[in-house]
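For reference, chains read A, B and C in written order, and residue numbers begin at 1 within each chain.
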Amino acid sequence: MSLKHHKRDLQNCTYCPKLCRFCCPTAEAEHRETVTPWAKMTLAEMVRSDRLELTNEVGEIFYHCLACLHCRTHCRHGVDVPGALVEARRKVFESDCEPPELSVIMGRYHDAGNPWGEDLRRRLRSVVADELFVPEARVALFAGCQAIRQDPNSLPALFELLAALDIDYVAVFEGEELCCGLPLWHAGDHDGFVEQANRVAAALSAYRLVISPCPACVYTLKSLYSSLNVSLSPKVSHVLEFLSEPLTGREPERKIEGSHVYHDPCYLARYLEETSLPREILGRILAEPPAETIWSAEDAQCCGGGGLVPQLLPEVAAGATELRLKQLAASGAERVVTACPGCVNQLASAPGETAIVDIIELLKEAYCK
Amino acid sequence: MSAGDSRPGKSWTALAGVLGKRRAKRGDSAAQAMGLNPPPAVAFFPEDPSEVSIVLSAARDDGVPVVCVGTGSRIGSLPDLALPGGEYVGLGLGRLTGVLEVQTDSLWMTVLAGTPWREIISSAAKHDLRPIGAPGTGSAGGWLSVCSSVDDIIMGVRTPPVIGLEAVLPTGNLIRSVTTPRAAMGPDLYSLFLGTWGGLGVITSVTLRLEPLPEKEAVVGWRVAGLGGALRLLKGAVRDFLPPRTGTIWLEEEQGRRKARLALVYQGARPVVEACRKYILNFCKGRGIEQVSEAEAGSWIENGQAVGGRVHAAPVSWSRLPGLLKRADKRLGKASVVMIDRPQIEGCRLRFVVDEPGADDAWCELVDPKGEAQASLETSRSFMNRVRAELDPQGLVNPHAWPLPWVGGDV
Amino acid sequence: MSLLEPVFSDSATVNELVSACGHDHVSVMEPDRIAYARDMWPRSLISQRGGSLDRPPDVIVWPANTEQVAKVVRVARRTRLPLIPFGAGSGVCGGTLPLRGGILVDLKRLDRVLKLDQDNRLLRVEAGIIGENLERELNRQGFTCGHFPSSIYCSTVGGWIAARGAGQCSSRYGKIEDMVRLLTFVDQAGEIRTSATAPSGCEPWSLNPLLVGSEGTLGIITEATIVLRRLSPDRWLRGYRFPDVPSGAQAMRLMLRMGLRPSVLRLYDEFDTLIARPGPGPVDEEVGESLLRSLGGKVGSPLKGLLRMSLPKLLMAPNILNRIVNLLPGGCLLIVMQEGPEEERTMAAEIIADLCRSRGAVDLGEEPGIHWWKNRYSISYKQSPMFASGAFVDTMEVATTWDRLLPLYRAVRRALSPLAFVMAHLSHAYREGCSIYFTFASAARDDAAAAGLYDRIWEAAQSAVIAEGATVSHHHGIGASKQRFLVRQQGEAHVLAEAVKSAFDADGLFNPGKLGLRGIDKREAS
């Protein structure tokens, strides 16, 4: 794939009157035309057609995208803006004009296999009981670097829930590769991503089923790998999809009191097109049905946590987070519940009165004796 | 050269020759014809807009002030009428009369500015039409020069009475707008002639909006125990359904408490009026208010038109009105008449009739305690003055009307 | 592609702007200058497709509030730099093109809802908020501003006001000038002013009529107070097929004459009906395919061959294409939408049905109306494939009174038919008249020829409009594209326009080169 494979999309955006700009979280956070999907794609098209030199200044713009895919929800052309921008970033990366901060992040990734340069294996071991690391297991939990680093409490909570549901055959995956590679993809390091994908695919090959609490990991393993001809043998599911059958017909020990509003993670709602299952589950375990914001389901605004933006452009991410929190707070709910460790962390990182909770923790609260 | 320094001279004689004796007067006959004191040195009575242009061009060339009079019904109401000190030219627009065109399908008619309203109304009536919000007295151009409002509320919003205008600028340019219900062609330049007392130019013809003579009229009235209930009803009538032609509340003191009478007048096509009546009666059900007969409500409207005494009026938002009324009662004393009319989405007009000395200033303070309206008015005035300075650096056209007066009373 | 260097080379001005707005909110970077170099004017699209870029601004600033806007204006005044206020750049007339360089002032950081006064149904809002985002917030609280331009996703409140825009429901709720009560603006001296008080009663001296539609040439609008409506409990939607445009127009006129206030009345002419009707065609379906599908078996092979040609080739034979439209199954679609309480909807539905029947219309039921409602903003998606294929498309919205409507429609079609494929619909209807919204498409052998053809099309069309006594614009505004026609139509009134400009902007700094008004020429200044 290269930019020329996105020519139709690039041209559709160039000549479009910016119809999707209202829902772009970076455009709204920065208030800047240059980072609307229209402008980013126009610049990419100008680079593709050699009408504009790819300088550091130009290249940096391509990183102002959370990859939330909200633009496509409204785009009648079905344009894949994040996909095109990844190719633009690939060109940036290969031209060595990436933003300096990105080089630092890539350095960390190459050292430690994650964007923070931290020892995530040790972190994983510290939150999950030893007996859950069973190399011979056929079903594995691929936690993903976001869950391990940003939302570690959700992992033991998940296993308590599984135990309450008499599911004892899920082990924790603890291979060399704890990251699916998505940060490399967003960085524009195409070759690096393919290498990582092959390593992860090899490491997971022994499993029949891989589940993950992170929708981004699920999408990457399920769809992104195969689009690049990286073959992954196990089936991949989000934990909610995995839990849907055991939870069916099972009454919770208790209903959870208080008012809640559900935040749809971008990767779950738009990439994996799953908006109803989390709501059904919440409907069963909450005393009061969850509230909705004016931006929900496939139209949910991004939490600000995607596309490497929190690492590269923390103020932009914070701006998007603030906007989303305002929308969620306007529902009047006491707690925000979501189904993505990245969203939990990003929403919780911003100042605000509303508490943020992972749906796994609510499930644990509802089903554990 | 400033206003009053020059005098009409030879050029005016020539101009009088061009316009003809019938349309030019001097001396006593000018004084008599214009009805102004001191009288103009010469007076012209154009019968065509191009003649207005000729006069204003000549006045500019000679540096001579020009004072325009339509029917003269409002000129006397200017608080400090200051006609030019030296010699000046009078421009009587009373002969600029005539209905130029009536479009019955498009509901507009073009009339020359001096055409009296009675003639406009009777001309429209021949086609079963009437101009919207016609005041009944004065001329079309004169009315628009002093007041831009009209009682036409479409969906609770005031709409301007004209869809086309022709005027002569102080430069002498004769300009005409496109006749259109609406346009987006930059700033609405022709709004500059509405309510500016001829200081930015002389209106020479007007394209008025018309409406069909109503097929049906329904007058609905209620007695309401308190102001709050009456306001709720009036708001409901104008906001969420087809609004009434007029909506009026009269407030009267009865045993120390304010009681309200409310009347709505619906006019228009039969099925629409019937639906409006049905809607408003349903709206009132269960609100504990006493409906009166149509005849009684009609008599309220008829008897309530003329308001004697010193009227203090102001537009006010719905939420501010009760508080303003309370403070007015306290500060200005008992009003002989309190009326609420011209309802819109966001507010209405309060009319408070009281003759106490100092009431004018007190009323202004009550209505505009923070001076915000005054600040906006000063902003408007300052920009209007600058526009005038561009068009008429010597301030020759209608100098008596500038600077624009603050009209604190009824308009 | 080379871009002009900033005309001012010293950094002192940039430093002053940084002091005004903050370091992160001032930019001279190339990507920003490119992004802000154009709006959605199709002429600019043709140029860009041909490889050239319109003149970009020298610097872009993002003030956070009215006070910072005022500081920027004072800097511009001291340095005699043009100022171009910018909302979201959705205009189709080149209104925000920095023709003489200067400081482009992006107002989108001013995007707060300041006060929603439920009791008085007034909204005080900053000018830089995107329309759809405002509308959603209002809906959450049970209100609407009633303003639904097809650019609602990509335009700002300030832009609506500056361009004197209209939404699709203007027949009920009015145009933007009917909704505005008070404006806060920054004047030429960098002073913050308010235009009027709200509610407006008898206010002959409000500056609103001058500021609304001023397109950034008189000052920078930073806040507005507008009236609100309650969200309608429901809506009634219907479609009617009229035998022709005159019968449909008459029905529209009579509905409004009776005093009805439908939210939407849209009458599509024969080809626009083809585009508007629900059908199996995708959004990207080409003009030729749409025609073929509709004509069915009525066309012989040579014509089929023509319609299967590439879009640009097809559009280079506009006369043939325009004549083919006459072969289309007859009928003009009228879409009606009525909102309000149930009593009003019921009454209006009955009256409208009777009126349409009496004028020879066939009741198509609610489906065409529902289809229109669901797709009312999607017509703009047809633009990209047209330009990408080498053709171009543009729209022209004009208005006149009912008595002149059909002559206007015919005159413009006659003027355009040799040059472009043209279709139209009537909308934004009033008791006195209506707007006609023309869409035209054409193509030329290359982009230089396309630009020339584009200019000839506009000259022909607007000359016809002026000759018929109609307005050169109803709601898109003037910008750069129509200013020569505006000046022509103004005639001697241009003296008044310049007087107003001088009163508000003696130095000519605000959006120079627009509305045919004089303005500072940067080259002269430096």
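Just so it is clear, contacts are C-beta pairs under 8 Å (C-beta built on N, C-alpha and C of every residue); 3 or more make two chains touch, one makes a residue touch a chain.
Everything numeric in this text was worked out from a predicted model, so none of it was measured.
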Item to check | Pair of chains whose C-beta contact count is the highest in the structure | outcome: B-C
Checklist outcome for this item: Of all chains shown, smallest offset between own Cα centre and global Cα centre goes to C
Checklist outcome for this item: Expressed in whole Å, how far the mean CA point of chain A lies from that of chain C is 38
Checklist entry - Per the centroid of Cα atoms for each chain, what is the distance between chain A and chain B, given in Å? => result 63
Checklist entry - From the C-alpha centre of chain B to that of chain C, how far is it in Å? => result 32
Checklist outcome for this item: Multi-partner residues in chain A (2 or more other chains touched) are none
Checklist entry - Can you list the chain B residues touching chain C in their complex? => result 103, 105-108, 146-149, 154-159, 163, 169, 171, 173-189, 191-192, 194-196, 201, 209, 211-212, 239-242, 268-269, 271-272, 275, 278-279, 282, 313-319, 342, 344-349, 368, 372-373, 375-377, 379-381, 383-384, 386-387, 389-391, 404, 407, 411
Item to check | Parts of chain A lying in touch with chain C, wherever the complex brings them together | outcome: 8, 11-23, 28, 31-34, 36, 39, 42-43, 46, 51-52, 55, 57-58, 60-61, 74, 76-77, 294-295, 315, 330
Item to check | Complex interface listing, chain C residues touching chain A | outcome: 1, 24, 29-32, 34-36, 40, 45, 48-49, 51, 62, 86, 88-90, 92, 106, 108-109, 111, 128, 130-133, 136-137, 139-140, 151, 153-154, 283-284, 377-378, 380-381, 383-388
Next on the checklist: Give the list of chain C residues in touch with chain B in this complex.
Outcome noted: 117, 119-122, 163-166, 172-175, 177-179, 181-182, 193-207, 209-215, 217-218, 227-230, 253, 257-261, 340-341, 343-344, 347, 350-351, 399-404, 428, 430-435, 469-478, 486, 489-493, 495-500, 502-504, 515
